[in-house]
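See the structures that follow.
Here come two complexes built around chain A, the first alongside chain B, the second alongside chain C.
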Partner chain A sequence: MELAIGIILGCCALGAGMAMIAGIGPGIGEGNAVAKACEAIGRQPESKSSVTSTMIMGCAIAETTGLYALVIAILLIFVAPNMLVDILKTAVGA
Partner chain B sequence: MNVNKVKGAKRKLDALDCLLIVLAALPIVACMVLKVLTNPASDGINISGPLIYFTIPTPIQPLYVTESQINSLAVILSVLFLCIFLTRGLKTRPDSTRQIVAEWIVEKTESLVKSNMGTYFSSFPPFIAAILALSALSSLLTLVGLFPPTSDLNVVAGWAILVFILITYYKMKCGPLHYIKEMASPVVMTPMNVISEIATPISMSFRHYGNVLSGSVVSALVGTALQGLSLSIFGGLPGPFGSFPYFRIGIPAVLSLYFDIFSGCIQAFIFAMLTMLYIANGFPEELYFKRKQKKNNKNDLIKSEVN
Partner chain C sequence: MKKIDRIVLRETLFVAAGSALLSILMNAVFLVIGKWDLTVLFGTLLGYAASVLNFFLMGITVQNSVGKEEKTIKTTVRFSMVFRELLMLGIAVAAYFLKGVFNIIPLLIAYFFPRIVVMFRPKFKLKGEDNDPGENNG
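What follows is the complex of A and B.
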């Protein structure tokens, strides 16, 4: 029983860590967006405010995929272990 | 408005103004007192969902009244009294700073809505300003140590569903048949269109909730780490001096600057912005006006025939 609970906890933590690999994507994407925005401001300094606001909008939207991964990681750490252990206990009948 | 004109005669606050300010601050203070009274002091920091204050038994499932509902109600009351305070005693020639502030807010929202949605949606600024104020102030509640309602998925999902209903309403302005036709425009893509339609409220709510929640989780982790650090360094000191978390003074405030203030305000702006863009894009403007024109022409024809 202890072994099974240990495996559940370990796999939940591992899964949470692996889910956060998705953080790479938004990082690269936002970096690209900011680089291009800097180039645009360098070319046309007078359009700085509109470029900045558009960039922040785009960054926030690009961040969504990373946030999905974060939500899944948080669910795996804080919600899944209790639920899975309960299921295990009812299955074993203890 | 011209700010220079105001400097001459400034109106002083009267008793009702002071009462309104107190009323605007009171709900927040009441929430803090409620939290302190019901939440036993705990060691360190624990990351958990909202506290459940009480439950209402209903036949299907017990209805939980949680911290997030109480706090968002407090924010709504606070915003209401602030608005009454700002718009009290308006004059054609403003003689107080708050009228300038109120006019600035209204003008900014109107220009934002006009530039993003066009002239047809000229009745939208109050709705957009309400979303902005509610979302920003809810996220800023972390500054006074309360649970921000926006880091509860239920609250944000409620707003997103409201926005989804609005989007669908404006998409159906040309009749449900046109809506179905738009959905199945290339017949092969119908399932994808349906999925993207459903994904709109989900992505909107998850974006807002995830940003605020990630900020509070990171802040809590940093707080725990700093507490452990100060305990391991100053733990040898006698009595209460040893157990006091010295490093938790001031250092987490730097993170709070980004995660609470910047992120909260930006997310409020993005939620309002996406609301505007989705509604404006969903509305088939050309077709609607063409049909309206046709109907008007028909009516005119009938009228002229009757005459």
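What follows is the complex of A and C.
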């Protein structure tokens, strides 16, 4: 029983860590997008307002992927272990 | 300290207003399904504050990036994102350990409100957008 609970906790922690790998992509993408937008502002300073506005919206959208990963990781660390251990205990009848 | 750009303020206010509306809607849903209590309200408020703060900090990062070198911008934005994600994680962890005060589920749902509000952003024309010189110079 202890071994099964240990495996569940270990797998949840491993899953949470792997979920956070998804946080790398948005960071790189966001950096590239902002760099290119700043380049565009440098070429056409008069369009600063519209480019900045679009850039902020684009960043907010790109960042959601990272947030999904974060939320999955939080759920795997704090919510899933209790639920899975309860299911295991019910199944075993302990 | 650098002055906050009016574009950043405008967009943050829009996101804050939209997120507030969605927070009220979420609490109404919790009330209808009979799961509402004060912890849900506090969780929603904390999640709302964290998500709007996250959006505002992102706007500040973007504002400060203008005029810098490409490599510096990339590094700054990545660092900013890591910092903001850690902030969100820290808030969620704190809420988990204060179970009696905050409900973590509405808090996590509230993290996604800015994304939903941004989806509807092109349908709205905000005050001050008409005076954008860039719109007419194309």
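We take it that the second predicted complex is superposed on the first by the 94 of 94 C-alpha atoms of A that agree within 3 Å, B and C clash if a C-alpha of one lies under 4 Å from a C-alpha of the other, contacts with A are read in each partner's own complex, and residues count from 1 in each chain.
Please note the rule applied: a residue touches a chain if its C-beta (ideal position, glycine included) is under 8 Å from a C-beta of that chain, and two chains touch if they have at least 3 such contacts.
Nothing here was measured: the structure is a model prediction, and the numbers come from that model.
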item: Fit or clash between chain C and chain B when superposed on chain A; value: clash
item: Partner chain in contact with A:I74 - chain B first, chain C second, else both or neither; value: both
item: Partner chain(s) touched by A:E30 [first = chain B, second = chain C, both, neither]; value: second
item: Which superposed partner A:Q44 touches (first chain B, second chain C, both, neither); value: second
item: Touching partner for A:I56 - first (chain B), second (chain C), both, neither; value: both
item: Which superposed partner A:K89 touches (first chain B, second chain C, both, neither); value: neither
item: If touched residues of chain A are counted for chain B and for chain C, the larger one; value: C
item: Common interface residues of chain A - those touching chain B in one complex and chain C in the other; value: 56-57, 60-61, 63-64, 67, 70-71, 74, 78
item: For the chain A and chain C complex, residues of the former touching the latter; value: 23, 26-28, 30-32, 34-35, 37-39, 41-42, 44, 46-53, 55-57, 59-61, 63-64, 66-67, 70-71, 73-75, 78-79
item: Chain C residues within the chain A interface of the complex; value: 5, 7-8, 10-11, 15, 54-55, 58-59, 61-63, 65-68, 70, 73-78, 81-82, 85, 88-89, 92-93, 96, 104, 108, 111-112, 114-115, 118-119, 121, 129, 132-135, 137-138
item: Contact set on chain A toward chain B in their complex; value: 56-57, 60-61, 63-64, 67-68, 70-71, 74, 78
item: Residue ranges of chain B touching chain A (in the complex, touch as defined); value: 47-48, 203, 206-207, 209-211, 213-214, 217, 266-267, 270, 273
